[in-house]
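We just call them A, B and C in the order they show up, numbering each chain from 1.
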């Protein structure tokens, strides 16, 4: 190896060392206050629950994990399915799917409409979507609560219009959760959809019309397949926070319509079953990771397809 | 002029749905703001215009405390996050891939991937034990937790800015006898400034807005404005909470607008 | 419907297209009239921004005329959406659907027309055969070369058997050799299918070699319509003469007029014979156009265009002589380099351009 090569090699390893030093503070903070605790929680999920919360440190047990799906009958000690937990997991998945669906039904036409405006007005429309996106989630949930309360705007309007006689009970139902999540996560659907529709080559739309496709056929056969990466991105961005929703079901759903987030909180609070809470948390994380994995694989495939 | 032409880009009904979407997005917020100015105690009956709830919120000690605490935490967290994220961005861009680079990306962006409630209870587990061991239960925990989830938000715009930066400018500086530090100080940093400002503002807003992690990490008497509001929602609410929300909302909108215009100027 | 009308595939009547209003008003087309016959290879030729693509888009239905009518076999199609016109387009960018295979792209139009499956299949096979792409039928369109994409775009547009095929600079993205091949290919396909082609290009050579008739356009207007030979030999105005091939322009005054030609006294005092433009008897001041290859270099003399040789540029097959005439005009002569040994002309030498019989043409319009 020549002297110059040696010097270059030394400079490179020095550069890499400097780069590690430079990134160390950020990495350390993330490890201490985000990633590390997740591993501690994994450990906790395998311990015996403490009598007043926390765990009995050093005593291992699989009870936390088995009680995610099963429960021991208090009379004959047999193992049965934990119906309450299953119902909550099912509700979380179902509501997240429906939220994704509803945001897509509203979000796609909106994003398409914005993307087909002239460049100047387009910016204003996008800005109008961005504002609610950056507005505090709690405030938006609270705003929704005021609309759907029994004496809220929606019920008052419906009664005033004579459509109903007495207010509908929307608060503390699954509908409330669904309305709240759709409202809160709608911008998360519109923005990625807009980004992908804006990039759509409208000459392909012209080609479609030229080849005798009508509006619906152009939409279904050309526009939708071409913007499908945006649809997937938007769906993931809505589905993941919906699955882990905590504030919205707490404010709008009440105690009877818990979602996974509230079930987790319950175990760390009144339930005093930290290992179970930890196990549910990891289950939730796993569900999210599966959704992300589907997204990554889809993105890789469509990326390769259009290369 | 012939009017009966065919618009290639239009789709029937999309305009109406868009209208509905924006109506649905803004109606609840508008209602919230309107009732903040209600003179009566009710959230459904209009009792005339008044700013009494803003006054009562202003004079509410708990609100004052929570607001100050929110801002202190957000300032600390966004400063720390921006500082460390800038360093991390410098360390992870404009280089050939080296061992550990992907690991760094994954780690820095990790807080974006995990549901907040999961991080929140994990922090609860760890911090509650540390609180017992050390006896310290100050704002440090909240600042640390907020910094961690703000780092990816600060990192993304700074990294984007760095990657779009022309390397020849720095080579030119080096060519003109600037030492690496002078090059950084006089060329890189000024060019990076819009990215850093964007990163700082993003993390400030993100920290200010946080409810879930704060709710689980805070010790007694450490309410921030969002957790205070969450606590109030359990009770029968008065327009005072609308007034607080309105001020909070105005602050967010102003920050977003500044952010938007900085971004536009950059283009 | 008269016999004459039936032969017309497309008729453009007084079509204008104006974008914007007030200060931002832009006239893309003004009062265009054209009649394109059945089974014709018709070319719209002109520089970029002349309105040729706008006209094509109006026929296709992607844009609508501000004024005028577009008749397809006698029926006004201007108000119809693109999917109700039996007209198909080969796009400049090809606009192949990236999420479909070659076969899916070609079948698309027939599927949209709701044709039965076996008919679509037969037609697809025919089309693949026609453009020699049978082996590529199941490829994704981004996995084939530019030339192959071009063939697929052509097959896709032809598959529904359009009454008129529109081609928007379809060869501009190809390299020189491929472009030549595709020119021959397009002519063959047109002959085999018998479909009317309307071809848009800014490449005069392409236009001259391929077209039955050409419309030369500029600034949203049609300047001249005719066969390649008519347009080259009898350009109606200075723009056409300048845009198609190279030309020398000389100013002069008509002295005497006979049946087919006129005597023109040039500004230098030399008198030459020039043929008359079709349908117009000129008088007074006129512009005369002379193609460089219709003149030759020779000794100065009283009946020739005398001057000084400024530059002799050697081009392999021929040589261009740039002569500064005594009148001050620059005159170009193009001579073939034949094998025989020739006089070597030097820069600065006194020289003259000798005009062949009927080399000079009087332009219809002086502009």
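Structural remarks
Everything below uses one rule, namely that contacts are C-beta pairs under 8 Å (C-beta built on N, C-alpha and C of every residue); 3 or more make two chains touch, one makes a residue touch a chain.
Bear in mind that the values here come from a model prediction, so they are computed numbers and not experimental data.
Ranking A-B and A-C by contacting C-beta pairs places A-B first. Chain centre most remote from that of chain B: C (centre = mean of CA atoms). Chain A and chain C, compared by their mean Cα positions, are separated by 58 Å. Here the spacing of chain A and chain B, counted between their Cα centres, is 17 Å. Residues of chain C in contact with two or more other chains: 61-62, 81-82.
Multi-chain contact residues of chain A (touching two or more other chains) are listed as 206, 209.
Within chain B, the positions touching two or more other chains are listed as 6, 8. Within the complex formed with chain C, the chain A residues making contact are 201, 203-204, 206-214, 217, 221-222, 225-226, 305-307. Contacts from chain B toward chain C in the complex involve residues 1-2, 4-6, 8.
Of all the residues in chain C, the ones that touch chain B in their complex are 61-67, 78-82.
The residues of chain C lying in touch with chain A in their complex are 60-62, 81-83, 87-89, 91, 93, 95-99, 108-109, 112-113, 140, 142, 156-157, 160. In the complex of the two chains, the chain A residues touching chain B come out as 15-16, 18-23, 25-27, 29-38, 40-41, 44, 54, 106-107, 109-110, 112-114, 116, 127-132, 134-140, 142-147, 149, 151-153, 156, 183, 186-187, 190, 202, 205-206, 209, 215, 219, 240-241, 243-244, 246-247, 250-251, 260-261, 264-265, 268, 274, 277-278, 281-282, 284-285, 288-289, 292.
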